[in-house]
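First chain written, first letter: the chains are A, B, C, D, E and F, and each begins at residue 1.
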């Protein structure tokens, strides 16, 4: 019997689909990261470029190798590996040796993503684990910060705050524009805000996560600020410094590793915020965004489990 | 009922034999262990104050009230006269307590040596406090001025360069040394010589 | 008060018994597949851990130390724990069958759970007072339950994940534990 | 099963750590350096050997209902002896292994062998079994610790072989233990599938 | 004026401009009509005619056996050519009465106008509705007389006429509302009388403001009837979501609208009720949209039940491009047929013919947990979690996750960036849960 | 030293007595045979026996409530062991059964009605016009049987039909229950001749849609020397069926069948089946440390 080519397609409804798909979404995230990328390149120059390129290339190569090794379909159009690589490079210091950056990126893709089954199935944010891995492995190199534009070794604003070394704290406007020491992609608040707003506009992220995250940090630091007598400056300083904005807009909103319910996202954001403040003020590290989000990643399955929505027509409304 | 007694007796016998064995080994091993501990202690005393020939624990005499940091005060004797003071101090480091031994020379009023005895700091970072390279930074510092930690190579005499990326550990060690230093200055300062007649 | 707080925070978060002290790994890997069973195991371990913490403290302070036989501590402690577990199991089975059904199957595993003996020995090493020893035991059992519950949440989610064949089972559980442990590094230096 | 087989089975086929996934606690905790790993393996083998012999000898007189407490007491006394001997003769190793020496008591391998093997076999096979299992465990610990020491500290048996800036400290921190063991297990799973021993 | 709506849902490109502006064409009646014996939810009809019999237009040719059932009528006069099993737009094979059209259009004797419809009692109206074979014309085809029958302990206070028509491409209700507004209002009056309630609501989406104006005008005479403007959002026309939007009441899980005192009918049903009550005409023709990017001239038709899809498509100038699928109903909830030679039934609101989509291939990705499905679900479910359970055959857990509350609106699939056919998995889970329940009941 | 011995001995004795008393006082009877049986169970917890798992099944056997034969995966070797433990007779146990697919409508053989797109699930595909194949009786080829098989015995072949590995198949009945078309049946392993078509339509309707359909020509019936195969009423029509009680595996009907709807397969040796045994559940729930054994 010959193959029949003239058959109609019978399938299940719905028969139309939004133009949304995974590759498009990844491309939007890359677009949203562009302002921060440009700022990073402008402020930190060639070394930053090296770190970024090595992260992205290493992520891409690891992804391809993993897919090959596991006999999975290789989809070139899908850029999630590039997103991971780029996000990781954004939270690394510009002067990091590029082999370390590449190693961290490979670790993120292989251990955190593909051992768990690949796209959509990882429990932890790969970029953040990559950063935590590098920080624990190469603490000296990972805490070597340089000044924007001239590359002189210095401390980050949060480092100055934590160590109380007597150095003057940078002005808020500097934090806003990004002319302070820090990771490649996180210094410029304005660039990140532009990217974040783009993602919000495109509907790829839910406003609940960044708002509850930043709101919690603001509230808690405002209370501490009032006690310490720092005024409004203090919470604003915390909001703008370190990787907080980057974390709130790009890491805590990662689809795969955060809760799926609306209430869950609010809890997730609040949890991240509280942990950031706890680590920054009481912990051993000056910066706690990465760890706070990772810790909430651990709790995410439980949050999902206990924040199930009330079904339509199923009794009293609570969300 | 008989069964129960039998079970009890059996377990009792096993326990007794086990106790016998352990006890026997203990009798044989205990002196060795004690010797080990003693030798270890003497070795560290020697390292911190090499010139002494006898060390006495005189904590009870010099620390009348329990101190938050200082745990032991040992006096090193040279030819029967007190020559140095060895402090055992414990401070809070990054991951847990850091125990140090600090030696002071009474004649010069200088730190003879500092040794980190116990710590649970991060390997590769704070754990480097055990490296001689770091401990030697305290050698020969004057006891008169408070020591402070600097992240960059020291520019002043009383500065100690921190271990890279481990300021907290460095500060913990320095804090212990400073506590010992203060006690040393207050008790054995140049004006107050060690009271004679304390030698037993 | 602050000392107690430090003991609690340290035991639950910083030096989590599973993720950083490596005690009780076997049940952590074995019983963390389902949330319900990990709650059961956590409950059973907490119960035995606190009870044995109390008894070992008493035995040490009123038998071992007065008679100067501190070196017998391991033998004495494990004897206490093994008997305690068996005794509790039998009592539960007889009098509270529902509770036994829920917790009982985990009880025998606890004898070889090094967390129980480990905590008892740490209590001795740190020379805790009775109150502190109890706080410490409680905090560690809370830390154990926390790690177990978090782990089981993740593993339930991983049930339908497309994990490479050779990674399935224990290997992926170990990798999850590693990543959890990395995350918990964030707490280091706290207090 | 011949005596030789009793010995070899513990090394590969029934390797306690890699195949049965027992004794994971010490395998993660003390494997920060090869020296510690091998030391632990030796102490473990000693205790296993002694307890296997003792239990095999007593197997006919132990009443079933107090079997477990009896085994535990026997094992615990051997552990205490080992503990004291190590304290006396190898103080630095004793310090490094710390709490994990007394915790050999609750290493499920020892109780497991007592229950599954020594209580059913005569002395000679029990000795072979203990030696095989001990060696298997020691090799496994050695393997794990070799990976961790080389990658995490850049040294092997204390000898520096990599420049100081290269090793990833994470490997000798707790997460490194989990990762190393997890990956080794996966690797062995894969090899097993391939060569099916 | 604030516009009523519900929580969740999606915005879909309507493509309604293709057909919404042109007046409805009366479709040519074909030579052969195929009338399926089952055009409603419930038991199939038993044929009352034999091959070779002559039938007249409006003659009852299939009778009901059960309460939940509805009779069928000949839609032309002619002779019965065959009774054969045929493809049915609902996705099954159903016996059909094939009538050879004699083009006489001779009405059956029983069809006559009622002298004074205003005097009819509720029970009489219900009997007429049953005889006229009226079913829900929005697509669910639930027999209307059943809906109007009193349920013990419950009474309706509101009748909502569903003129929302949220499915893309479809404009048949829109045209009906513009062209037969008086019939709709009259029908609503009879329905309200039949179920004994005083409030009638006609719900229309804000993309059909012309229909709103026309109906407001038509309803002016009856103060009990109001027109409510709804926000344009899919699935606004879903019964439970519509009730919530109009009245703020939530139909309980597993319950019917009557549980909250509401009866919902399609506007087409109301018009059919008016025709049946006043003129005695059974349901033999309906408004059908023929649209889609593969149709040459998208048009609205007034077509006889039993006309083949292919006939209407041919009347619209045939197809253009490579036809990939023919959908009975709208593209969100409609069903594909394997051949366009399938008859129009009482519930056929539209025929949508689509070409192969161009551009990016619709490959399925693993779920990336973006939770867009959770955000849009109008039933407040977690489609992604249910699908994960369904993939592992965990039917019990799927039931606890409220899989039975799914209305299969397809919003989740529409937004899913990973292109996962979530609704299909959910349908499978529902099937399995029902099968499990049936099995459990059988054991008892 | 003496104190050590005494105190430890006292403690040992004390605990021994307490445990002894407790053991007596709080004793709960457990039949040792349950444990013993459990050692021989396949441990797949497949539920073929209708119990909550192997443990529940073992308890039920000891209680004499169930027939050991219900454990399909265990096979004859298990029945023998159960018989040995329970002291019953083994001879009454039936022949081991395996699943047979009664459809040969692969891509080559059967005509298609439409192209199906969507979730590969037989039930879902059937919801649309009884499946994409023109034949309404055959295999839907979506692989549900393969997915539910706990033993990995069913793989989907290149022609779209499931291929059953009889050495792995334990006859647990899961696929038979799952198959919506009921074209999987459990048949004794020694049976070699099967009518592999359940199309009950008349020959003239069946032939055009599948080249290997049963066309009710009755050639099999006429040629069978044992009167073991007949075209019998089935469902809404008729179809040829083998009476396995009478069939002698001669294969004449298979040779005569014009559409090859009847097939004769190579023999499967029960000895081999028994030796291969049943694969145990990979994940070791028990870590064999032994502590959990009852006192």
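The rule we apply is simple: a contact is a pair of C-beta atoms (placed from the backbone, for glycine too) under 8 Å apart; a residue touches a chain by one contact, two chains touch by 3 or more.
None of the values given here were measured: they were computed from a predicted structure.
Engineer: Going chain by chain, each one touching the next, work out the least steps from chain C to chain F.
Structural biologist: When the steps are counted carefully, the minimum from chain C to chain F is 1.
Engineer: Across the interfaces C-E and C-D, which one involves more C-beta pairs in contact?
Structural biologist: C-D
Engineer: With centres defined as the mean of C-alpha atoms, identify the chain lying farthest from chain B.
Structural biologist: If we average the C-alpha coordinates per chain, E ends up farthest from chain B.
Engineer: Express in whole angstrom the distance between the two chain centres, defined as the mean CA positions of chain A and chain D.
Structural biologist: Centre separation, chain A to chain D: 41 Å.
Engineer: Determine the centre-to-centre distance between chain A and chain B, using the mean Cα coordinates as centres, and give it in whole Å.
Structural biologist: So the centroids are 45 Å from each other.
Engineer: What whole-Å value do you get for the distance between chain A and chain E if each is reduced to the mean of its CA atoms?
Structural biologist: Computed from C-alpha means, the inter-chain centre distance equals 47 Å.
Engineer: How big is the gap, in whole Å, between where the Cα atoms of chain B centre and where those of chain C centre?
Structural biologist: That pair's centroid distance is 33 Å.
Engineer: Among the residues of chain D, which ones contact at least 2 other chains?
Structural biologist: 21-22, 65-66, 68-69, 73, 76-77, 80, 84, 108, 111, 167, 169-170, 173, 175, 179, in rising order.
Engineer: Can you list the residues of chain B that touch 2 or more other chains?
Structural biologist: 7, 10-11, 14-15, 18-19, 22-23, 26, 30, 94, 122, 124-125, 168
Engineer: So which stretches of chain A touch two or more other chains?
Structural biologist: Each of 7-12, 111, 117-118, 121, 133, 136, 139-140, 284, 304 in chain A touches at least two other chains.
Engineer: Would you mind giving me the full set of chain pairs in touch?
Structural biologist: Pairs satisfying the touch definition: A-B, A-C, A-D, A-E, A-F, B-C, B-D, B-F, C-D, C-E, C-F, D-F, E-F.
Engineer: Flag every residue of chain A that touches chain E in the complex, lowest number first.
Structural biologist: By the definition above, chain A touches chain E via 7-18, 20-25, 75, 78, 117-121, 204, 206, 255-262, 304, 308-314.
Engineer: For chain B, which residues count as touching chain A in their complex?
Structural biologist: 94, 122, 124-125, 151, 164-168
Engineer: Considering only the defined contacts, which chain E positions touch chain C in the complex?
Structural biologist: Its residues touching chain C are 366, 388, 391-392.
Engineer: Could you please specify the touching residues of chain F with respect to chain E in the complex?
Structural biologist: Its residues touching chain E are 113-114, 118-119, 121, 123-124, 127-130, 147-148.
Engineer: Flag every residue of chain C that touches chain D in the complex, lowest number first.
Structural biologist: 19-26, 29, 71-75, 78-79, 82-83, 86, 111-114, 116-118, 121-122, 125, 164-167, 170-175, 177-179, 181-182, 185
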